[in-house]
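To keep things simple, chains are lettered A, B, C and D as they appear, and every chain counts its residues starting from 1.
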Amino acid sequence: MQELLNEILAEVSPLIGRGKVADYIPALAQVPPAQLGIAVYSNQGELYVAGDGQVPFSIQSISKVFSLVQAIQHSGEAIWERLGQEPSGQPFNSLVQLEFERGMPRNPFINAGALVICDINQSRFAAPAQSMRDFVRRLSGNPLLVSDEMVARSEYQHRSRNAAMAYLMQSFGNFHNDVEAVLRSYFHHCALRMSCADLARAFCFLANRGHCLHSGEQVLTPRQVKQVNALMATSGLYDEAGNFAYRVGLPGKSGVGGGIVAVVPERFTVCVWSPELNAAGNSLAGMAALELLSSRIGWSIF
Amino acid sequence: MQELLNEILAEVSPLIGRGKVADYIPALAQVPPAQLGIAVYSNQGELYVAGDGQVPFSIQSISKVFSLVQAIQHSGEAIWERLGQEPSGQPFNSLVQLEFERGMPRNPFINAGALVICDINQSRFAAPAQSMRDFVRRLSGNPLLVSDEMVARSEYQHRSRNAAMAYLMQSFGNFHNDVEAVLRSYFHHCALRMSCADLARAFCFLANRGHCLHSGEQVLTPRQVKQVNALMATSGLYDEAGNFAYRVGLPGKSGVGGGIVAVVPERFTVCVWSPELNAAGNSLAGMAALELLSSRIGWSIF
Amino acid sequence: MQELLNEILAEVSPLIGRGKVADYIPALAQVPPAQLGIAVYSNQGELYVAGDGQVPFSIQSISKVFSLVQAIQHSGEAIWERLGQEPSGQPFNSLVQLEFERGMPRNPFINAGALVICDINQSRFAAPAQSMRDFVRRLSGNPLLVSDEMVARSEYQHRSRNAAMAYLMQSFGNFHNDVEAVLRSYFHHCALRMSCADLARAFCFLANRGHCLHSGEQVLTPRQVKQVNALMATSGLYDEAGNFAYRVGLPGKSGVGGGIVAVVPERFTVCVWSPELNAAGNSLAGMAALELLSSRIGWSIF
Amino acid sequence: MQELLNEILAEVSPLIGRGKVADYIPALAQVPPAQLGIAVYSNQGELYVAGDGQVPFSIQSISKVFSLVQAIQHSGEAIWERLGQEPSGQPFNSLVQLEFERGMPRNPFINAGALVICDINQSRFAAPAQSMRDFVRRLSGNPLLVSDEMVARSEYQHRSRNAAMAYLMQSFGNFHNDVEAVLRSYFHHCALRMSCADLARAFCFLANRGHCLHSGEQVLTPRQVKQVNALMATSGLYDEAGNFAYRVGLPGKSGVGGGIVAVVPERFTVCVWSPELNAAGNSLAGMAALELLSSRIGWSIF
């Protein structure tokens, strides 16, 4: 496996230089582009890391999975009264659909849906940002994980589009807490810094019927795990979920920091990272690496 | 298995009377609603049938899978220059997205995408309706399969919405043949009459790496099979694909005739049928039956 | 007045070469671009013509006014059960609005609305194209007016977008006649060839409380005239109606042939023509000429 | 004239009880519905008042005209770099168009456009709410005019939809000041309390080539006046501008407080008020009164 990961990184490394690092906030734009890492974690607890797989990066939208899992833990099926389960068919930050569908976001992985999930969590936790950080520390087994304050602040300063969505949902009665407070929590979650190794370990419960190998925690029920994986499979990669299923064939979640996590149910989790993005906002080299990995080992769920 | 199928039908039968038979054309509206059937076909060639699983019905949009497979057979990856692979996030017959995306349909399972696939096939086959019928006869092993001429004619008379889509795509240069001729082929495919048993057998190559058990034909390559299954998983159930993944967890394709086919990769195909539909246009009892079946046997791919 | 018209043409002639002749059908694309004409017709029957004001051109969407007037003549207020009176806020050929508003076009001057009006007229006249031609001959006092068969045929061959709209309206029950037959009538109206002088004379009833000076006909009631002028003022120039009101301040109607007719209620009609269009599909030099004319003589209704 | 106004109020008073008082904020919902007033002000300085024409009410969106005039005064044509002049074709508070047109509102009379105008004014005035109040006091000749603080505060508390629009425009770079501060100014303008008599007097410069009769101020140039009137004619009545032109034939501006002001260029201003609204958000009895008035005196500009 270690050899295979090295090979795959070598094969996709020529893609570096062909994508574009996220530049909507200055703090992200400064990330050196020529980085590429991967980590695979097996249900037997073996960890394989290659390239820059131990370098922490901004997990951004990958945090939406953690938020969803927290919400499922304390609210269960009730969350679906406030958002849907369907792919959006729109770029990840579109307000059009949100208006036509009267403030009900399509799914928990578009920004509007993640904001509703954060609003749900905000009603439950006294200190949502800290609760999330502690939760992810346990899941990853890395007690030193932190959120990058500078990134969180910078995202807050550029919050206008997310603020527009939250206020729009509020106008439809689908947002219960103070918009500014929820946005602060949301950006703290996005600004968590984790490595591929951290993320592969933190997602292992989704490959393992809800059981977290290292913490021993039963994070979700087996049934809930299947549901989260299903949601990632249909909506996890912004406006490229269909193409990801077609090419890679695994449930996954990406972030504009350049990370992509994928789950091989009952067997493995894998995380790739390279900061340069394609036009759809997903890691260019990361997509290619996962496609190779999936086809070489025959990991597709299809 | 046989016993399980009987049980499941018994459990979901109270749903009969709670849905609504498709009534956009008179010929479909006349179908007696209180029918319910199921068939499972294993990769070992075992067929299990329960309820009305041998009664032929109008396959409607399930035919979109056969059309796509034909197009992949003769044109391969080239078809993706003319349509996308992403879920639509819109009801299955919306023109809005088609206009914004300049005549390029989102995927092969919404009507617009299926019309483009039929247009591609129309350029290749001298007699597209007959080629399709013969293809499906071979796949199902049922040499008596026919298309219901009355249904096909009735759909053609009510073609206005599909005609609008085809002309809109033509206005963007994404439709090459005569609109009326393609519509006639399209409605002939939709009007094919097949039973659950026919469909379970006809789809078996998608559970079996492209190999059709009874005809011996290698219909698609293993890689192409994974791709078709991925497309069904993300876009196969109209505006309910996400919910189907969440509840059932299998690649599937539905039709407004009340049929739903699902694939358990490497193991089984299953087809359920009940004419009454839910608000999203999918068989109400069929969805419930597949959800039970999936959870009882643990068939989810997630 | 004659002198003023000559002056204005001289002032706007430098704009020639800066626009773009309509090229969506070959027959229109071949029109020599360097043409510029104007005609003013007073309620006293005085006609002033300058430049190419006697050269016939394809009136295109200006015909939508004649169609509307015919429909009002025989059906009166009943037509408003089938279309609206509001500006569209969309490019003239968008299907989006038509779908959201369930097949009810916004107004009679967007293509969809004009098609509904033609459908209404088709139900009334045995030979709609001939009825229209005869009507316009009487209004203009030019018994030799004809429709350009080559243009009409070419538009029919490129009918896909208009066909999409008509079929979409049919799918909502708002189209009663055979789509192809109505499209043929519609394109015959668009292909009428008239000069600025013809059009200024033909529109004079709209400046004259419904009375056509030369034919003596009472075409509409004074109240209906105000209504038609109001509709032209709010929706007559595609997606530039607001800008036309802002710059020119008169009810008007334009066509992609490069003609624009405007009405000075109780006083004059004016028609300008120059084939090159701006980005909104209106005559570039024509807009400028009308703006100058309106500000020089103080003709704005505001 | 006085007699005519009395007659018209008597004729339309049966409509009271058939509309619905605006209820999106509690302060407005409490207005007693059975009120009806009218005022006409001539360019000779004669004021005619009938019914409740001296009762002050919340002018709401009528304030958008005052904001626009202020912006034209200090910034002239430059404002059109930040918003358009076209009718919107959408309900007055839609975000869809705003997103598709990348944060550029269609015109100054939809909420998004008025917010941009307030943002422009916010950059210019140290105390925008006070500047506006003083401006309107001068225009109306009523030194006691005030803004209703309770209404302004209540609107601010229900600001979510307007906040969503402002943040969306900020995300496109088309909003320069603090969103919350601009919203506070905006709601203060909306909450101004004026009677029909106040408004008829305050609008007189738009009927009088920019000259305010009682203050002696030249508010705008004659050319600017025509432009403002043109904008009101095409966009002044939300999604009913076309119908208002068709029925009334005058430039006008309405508010959800139930007021409608209309301008008879070179002759009169008129203001009607009745709190109950029709489905489009315009005063039900007010529309009817203006239609009668326009047709009785032949005031249409068409």
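Please note the rule applied: contacts are C-beta pairs under 8 Å (C-beta built on N, C-alpha and C of every residue); 3 or more make two chains touch, one makes a residue touch a chain.
For each chain, UniProt lists the protein as follows: A, B, C, D = Glutaminase.
None of the values given here were measured: they were computed from a predicted structure.
Contacts with subunit A (Glutaminase) and subunit B (Glutaminase) are shared by no chain at all. Relative to the C-alpha centre of subunit D (Glutaminase), the farthest chain centre belongs to B. At the interface between subunit B (Glutaminase) and subunit C (Glutaminase), two copies of one sequence, more than half of the residue numbers in use are shared by both copies.
Here the CA centre of subunit B (Glutaminase) is 47 Å from the CA centre of subunit C (Glutaminase).
Here the CA centre of subunit A (Glutaminase) is 55 Å from the CA centre of subunit C (Glutaminase).
Measuring from the averaged C-alpha position of subunit C (Glutaminase) to that of subunit D (Glutaminase) gives a distance of 32 Å. Not a single residue in subunit D (Glutaminase) touches at least two other chains. Partner subunit D (Glutaminase) is touched in their complex by these residues of subunit C (Glutaminase): 84-90, 97, 106-107, 223, 225-227, 229-231, 233-235, 239-243, 245-246, 249, 251, 265, 295, 300-302.
Per the touch definition, subunit C (Glutaminase) reaches subunit B (Glutaminase) in the complex via residues 94-96, 99-100, 159-161, 163-168, 170-171, 175, 179.
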